[in-house]
Amino acid sequence: MTPPVKDPVIHSSLSRPLAVSALLLLLALAWSLYDETYSIRPWKSYQSRFAKLYSRFLDQASAGQSELERNLKASPDYRALDSALQQSERESLPAVAAIDRQINQQLAPQILALNEPFQEVRSRIAALTYQLETSRSESAKTDLRRQIDQLKAETRFAALSAQLQSLKDEKARLLQQRVELMRPADALRARRDRYLADRLPGASTATISALRTSLTNFDIRIRQIHVKDVDLVDRCESCHLGAREPVTLTKASMGGEAVFASHPNPELLKLHDPEKFGCTPCHGGNGVAVASVEKAHGANKFWLWPLHAKENIQAGCQQCHAREILTEMAPTLNQGREIYRARGCIACHRYESFDREADEISSVTQQLRSIDQQKSAWTREAALSEAQANDPRTSDEDARKLLAHINDLKLRASLLDAQVDTLDTRSRSLVREVKKTGPSLKEVRAKLRPEWLPVWLKDPRQWREGTKMPSFRLADPEIRAISAFLWQSALAASPPPQAAGDPARGREAFETRGCLACHSLGEGSARQGGNFAANLSRIGEKADYSYLVRWIHNPRQRSAPYCAFEKRDLTAEDYRRHNLPFLFDLDHSRCPNDGHELQVQQMTPMPSLRLSEPEARDIASYLMTRKHDNVAYPDAPYLTDPALKSQGLALVRNYGCANCHEIAGLEEEPRIGTELTREGSKPIDRLDFALLTAQANAEGWLTHKGFFDRKLQNPAIFDTGKEKSAQERLKMPDFHLSKPEIDSVSTFLLGSVDATVPPRYFNTRGQDIADGWWVVAKYNCMGCHQLHPGQSSLLQLLPQYQDADSRDRLPPTLIGEGARVNPAWLLRFLANPALSDTLTDRNGVRPYLRVRMPSFSLSAGEVQKLARFFAALASQAQPFVAAPLDPLTASELTLARQLFASEAAPCLKCHMTGDPKHDARATAPSFALAPDRLQPAWVRRWLLDPALLAPGTAMPSGLFRREGDRFVFAGPTPPAFASYPKDHADLLTRFIFKTR
Amino acid sequence: MKLYAVAAFALLTLISCSSDKPPAAATTELAPTGPALSPDEANGATLTGKVAFTGAKPPLSMIDMSANPACERAHKDAPLAAEDIVVNPNGTLKYVFVWVKSGLPANQRWAIPATPVVLDQSGCQYKPHMIGVMTGQNVELRNSDPTNHNIHPQPSLNPEWNDSQAPGGDPKFKTFARQEIMIPVKCNVHPWMRSFIGAVNHPFFAVTGDDGTFTIVGLPPGTYVIQTWHEKFGTVEQTVTVGAKEHKAVDFSYKG
Amino acid sequence: MSLSAKLARLLKSARKTQVAKSVLRVKHEDTPRARSLGVLSNVFLHLHPAKINRDAVAYNYTWGMGGMTFYVYLVLVFTGALLMFYYHPSKVVAYRDILYLENDVPFGKLLRNMHRWGAHLMVIMVQLHMFRVFLTGSYKKPREFNWVVGVILLVLTLLLSFTGYLLPDDQLGFWAVTVGTNMARATPLLGNEGPFGPQLGMTPYNDVRFGLLGGSIVDSNALLRAYIWHCIAIPILASLFMIVHFWRVRKDGGISGPAPVMLESEIPQPREP
Amino acid sequence: MDLHQLWTILATPDNVPIVLLALAVPFYTWYGLRQSFANDRLIAQLEADPALARTHHRKTQPWRPEWDREVHVWPYLLRIEFLAALIVTVILLVWSILLNAPLEEPANPNLTMNPSKAPWYFVGLQEMLVYFDPWLAGVVIPFLIIVGLMAIPYIDTNPLGSGYYTFKQRKAAILTFLFGFLGLWLTMIFIGVFVRGPGWMWFWPGATWDHNRLVFEVNRDLPFGALFLAAYTAAAAWAIHKLITLTPFHRKIHARMSRFQYLVMQFFLILMLALPLKILLRQLFRIKYLLVTPWFNI
């Protein structure tokens, strides 16, 4: 019989697969354990590497430091201090030792011995007194009192405590005496240590050794900043361990690992303490994530706030400093904002904090309207209640109440009038504050050579390098239509013809009057001057001579006033209808038809240099010589073709020319660009990458930065490959920005985000300074003046101001201007720098300077902003109250006058005195201006050491020297001074400030 | 067999610890060290020469001192000529600064002479018009005029200062820390006053005098670039090689 | 005496102790009685019968889908309970908790991954289990009702996964659930956009979608309701039906096969009505 | 062919289950049908030789009289269950370590994701939204699927194949189920996940999902749709009847069916066939609605 076949089900064994899968499970668990502790916690390896590198760096640094310290200690001064210290310690040593001995050997043990029984007795007494106080029966009380007294007597408690107290007092006295003895030695030790600390650069050996000990027990843990109320958890320092180390660590010093370098900008950390601000509000990234570098930097696909790239690191500042045009320590961001404002991005793209004038105008008109409604409502109510009061049926009581009510309403209405007045002045100045990015095209007919217009529209940059005008990718027919429209829409009026001027004198005037602070001449490497305004190397080919003369004489002069209410330019006819002269300027700025505020000035920031007519003619004729010769301009007959006009109007409206230029009929054009206030946090799907989306995603630039960089580099990039008619193509013109400019603008846009921190983090300090910077940026004050340390004005860099003599002929530095001048005077000066209504062809304060302080015809608001700006910049108290000066006695007056006019005092040699012959060569302002121009405290500081307040000034230092606690005139003083006890500088200051 | 194990182990530890990268040595540029030398007239070389001036002699321009009566009185007999271009009778140029521009050992320290160089203001004019001084050496400023002067050097490499000096006041001592060829000095009270100070790290320089000649002594042997500097006519350079105790003549010339 | 023998003796004596006896009610012996009692007397194991059709032990019949689904369900309950320690179902806090889980909680990421992939695995296995049951005709008499319970469990599994999808409160979950619940808006009679819905007075604020979401859009109410469905309601329902399901498997005759094949000729003729 | 896009869709963590499904279902179908064919061969053999039929243990697995018919659950069943548990845990653990559960941006109600898809198992239903109105696709069809599934045991009167794999004896039932499960449910899921891109537009696998793609389609309603609907129902009912009474065997099974069971089966089968028909009508002929009424339309 065949052997019985074994049942496969029973006899098969699963042990092998079970073993294998159990092993696999074990491996998987181990892997998950490894994954959990290491692979998703890379910071552990970072920290162990950091500990190693950092300790090696510290060893090497301390070696260097101790060597430095050794030879410092070898220096004679240190040794002298050290020996004096030892010597004084040796003197006081025996006495101190005696005191110590007495305290330790005698007093301390005695106190200890007495203390013990004393405490015991006292506690027993306390227990008894407690029973005494709480016992009810009188007899018990007396019994207890008796017990206490008996106890005190037994242990002679009173004597015991007295003796103990005396011992303690003795000990205290001795200790005090010891401190007295040690005082000189301690003082010397402090001076010696400070001597060392002053000369040792960087961390002293003490801090280094402290760091090294802390490194010995360096524990590997997550280092995080947790700001509870803002729900902010930043663990950046778990890998960036060196960020806030007291010692500066560089990539090189940390073995080539840039991650451990210390924060490149420590004083920024002082301003924004990471404990309160954390890291991610400024830098972006995902503070919580520590699983991988990519996740921590927020570079993974679904994180909305990625780390800013290196070149856009300052984007973080914009969020809290949104209202400022200039933020310290953020040059790229400032450049980005400046480009956004100056190159005209603001003209097409609304940006909340940039849109100061337009916003304010709309809010002011809106407030005015609501006030009118309120007033009419109240007057109507007053009339009604008056009717009711006079009604015989109302009781006397009610009548009296109604009358009170009526008065109250009238009072309130009058208060509104006050508000209306302020708003009116505000709206008057606002009309003057609004500027356009480009020149007014209403004057095209008067100022331009017709053929030039199409050539310019074709490619502005090719005609004038560095121009602000972007290129619009226009086809020829479009150019023709636009030129025709502009030509025919412009005002027909042309300025009176002007006689020719002398180009040679014009050239000298152009180079010295200060035009080069904004404009520039010469092309390519020969280019000289500022780029705030146009390069005038080819102005001759473009401009009309007579218009140029009028423009140079007074750039703000308009050919026709514009009435915003009627939305059109007024003509002489409108004035004649009300038999008024066709006269419109800052004083006659009301519209004859409806009384509203007129725009009586060109909306250009270009100021009037108050040049005389002949000088304007000279400069104009010089500028007319600046042109490329043999340049052929094809003539443009079509300019006057009416058929092209309507076509041109549609194109101009489509391309948004009216946003930058003032064009007849298109003054109120809406902005054609999208608002960019929150562009940085617009969802990525809303940024239209068009056909490049897939490519962008593959190449990794499907991000905000990718979009901004490419759009700025080539605004039509997202049209590539699209089938679009001319009208639908992307309209944004090409600004030919260089790479750093693109980086700065995209930094600005990346920073324009929804707030990720609560509003209380926003910077509200220095609001006056922030507002001031806006006005300074708008009128380019930094072209001529130095406004904050480290910034050099443009004129300073021009070659003609480099030699020794001409350096004194530069415009004055304005650092500390707030502390120098009286704000009231500054208001007057800024309103009219000539300081006189008749003699305008001069500088009010420094007539001897060729460079001319122009009149910007600032609005009242702007002038106040500047005054507050300078005061705040010099941290002066506002409003300004002049410090009272006690008047000069008769003797003091004669004394001061003698010193002032003496040969030894050089004052009248340089300062203007009023005598024309002397003033011709004077190099300093007249003293007559001083009383209401300067601040006494400043004058006194200036007299003592002018180089401190304005380095490189022509005013010499060392005029006074210190004698005792007062300052005395350094040179020989008239004999009468011998008996004058008081401070000479004060005397002279009070003399200067006595009103003549 | 045990031996192998120990050796292997030692080798292993050696490899493991040497694998760390050597620490980057902190590099600080070499500050001049060693003793301060003074020019060794005995066996150093001496350089002499003159600065000729060819071409038309520019007309002497008179200084108009009318604005300042005190100065005018000092020159009422002979009006003062500007000293920007002074051509000596023998056709040589005065006030030309001649110095060794390069060729000296780089980090060699030179002894700073104790005697200060005097720059006097007399007759509303700087006397002399041009001086040479070592960096760190004192310049003694005197005011022997009855009127107040203010001394306003305008260096670009050294810190700028502007001190007034009362008539007959005690002299002021100033030093310049960095080498700078020709610091212009002016007086804001008397705009025509002008002088030039040449601050040099080493003592090998000279200013041509009335005969238009200059001598530099104690020059260690070596090849040097000698440069002459004039206020209006700019600089001229020549390379020259000198041996020990050699007397070398080096002539320069400027065209008017 | 060899080591193993000594070990065995030790083990045997250990089992004699009172403690061991009180714990292990059944002696671990290789006898049929011990084997049966081992299963029957164990509260968990007595889900199984003592003996089973010899061929049902092989993988190829049942594919183990039912058992594996139940096992994954247990894993999900376990990891889900742990996740509940860290998760708050409110709009602001939910996302932050997931971030917290991922970065701070030790093994937090692993936990969440296990829960999510486990959920997907369970959905797949449930469908494969249905597929196997259909292929083997195991729904036929007497197991019809158990098939119905199975279908209910399938629906509950899908709902469990659907409500879990929304909880991380991220775009993926939010829009997935929005799409899902938009369909509810169109329920006939009960949805405000479904046929006959408006006629019955259904508005976006009282229709079945509103009931599901606790609001007209997927907001914090929806998050809370999804959380409660996901963590309490549906798991309890699912457990109940699983109990019924397991019970009916046993009561309807245990694992249905592999049964002996039946021939066409042996089909019993239907009794005349 | 945009392989990068294809790979990103395949490798997205949340699509991994569908890839798993796409591998597992064919495998298990093959695995099950293989055993069915084996049983069918055995059945054919037994029907051919009635004597054998009496003695044979009627199973493809080997068996000898001396082997027990039933084996103890412990250890034989429990050990394989334990093994299965181990393997599942390993798979789950490795999968969790390697792939992270997706966590996208925080929910933002006013930023619609394009494409916004339901979880993968409901994507089939979402696909139905293209062809039917939401009330149909979202509520009625899922409801009918559930009820249909539940009704299967009560309308399948074929006693054969209970407890063993067979194809021959239950051809109709298996084909219908395969059509329903694989043909409709899984295919729709596959389309919904891999083929439907932004704007729920049709992107063949390998085509780039372009958000700006514009497709011009004009869907029109079928005139006399109601008539077509009625015609279809009649034709379908006739065809189904024809099918289930094709062979004498089928006729025998049909005879066992009660009238109500027959009606329910017809109802579900007609509806199931209606789905692909509607899809074809839409995809090929651009027909949107068949029946338009003021309250609802199909």
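The chains carry the letters A, B, C and D, assigned in the order they are written, with residues numbered from 1 in each.
Just so it is clear, a residue touches a chain if its C-beta (ideal position, glycine included) is under 8 Å from a C-beta of that chain, and two chains touch if they have at least 3 such contacts.
Owing to the predicted nature of the structure, the values given are computational and were not obtained by experimental measurement.
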item	value
Highest C-beta pair count, chain pair	C-D
Relative to chain A, chain with the most remote C-alpha centre	D
Geometric centre: closest chain by C-alpha means	A
Distance from chain C to chain A - Cα centre to Cα centre, in angstrom	64
Mean-CA-position distance for chain D and chain A (Å)	68
Centre-to-centre distance between chain C and chain B (centres being mean Cα positions), rounded to whole Å	96
Centre-to-centre distance between chain B and chain A (centres being mean Cα positions), rounded to whole Å	43
Multi-partner residues of chain A (each touching 2 or more other chains)	7, 9, 32, 35, 302
Multi-chain contact sites of chain D, meaning residues that touch two or more partners	67-68, 71, 76, 80, 89, 93, 96-97, 103-106, 108, 111
Shared interface positions of chain C, touching two or more other chains	54-55, 57-58, 99, 102, 109-110, 170-171
Footprint of chain D on chain C - complex, ascending	32, 35-36, 38-39, 45, 48-61, 63-64, 67-68, 71-72, 75, 91, 95, 98-99, 102, 109-110, 112-118, 120-121, 123-124, 127-128, 130-132, 134-141, 143-144, 147-148, 151, 154-155, 158, 161-162, 165, 168-176, 178-180, 182-188, 191, 193-196, 199, 217-219, 256-265, 267-268, 270
Contacting residues of chain D [partner chain C, same complex]	14, 16-17, 20-21, 24-25, 28-29, 31-33, 35-36, 39, 42-43, 46-47, 53, 57-61, 63, 67-78, 80-81, 84-85, 88-89, 91-93, 95-97, 99-109, 111-113, 116-122, 125-126, 129, 133-135, 137-140, 146, 149-150, 152-154, 156, 158-166, 169-170, 173-174, 177, 181, 249, 252, 255-256, 295-296
Of all residues in chain B, those that touch chain A in their complex	20-21, 23-24, 26, 67-68, 70, 146-152, 154, 160-169, 172, 184, 186, 188-191, 194
Complex contact set, residues of chain C against chain A	54-55, 57-58, 96, 99-100, 102-104, 106-107, 109-110, 170-171
Chain A to chain B touching residues, read off their complex	52, 56-57, 60-61, 64, 252-253, 255-256, 803-805, 807-808, 903-906, 909-910, 918, 921, 923, 946-947, 951-959, 969-972
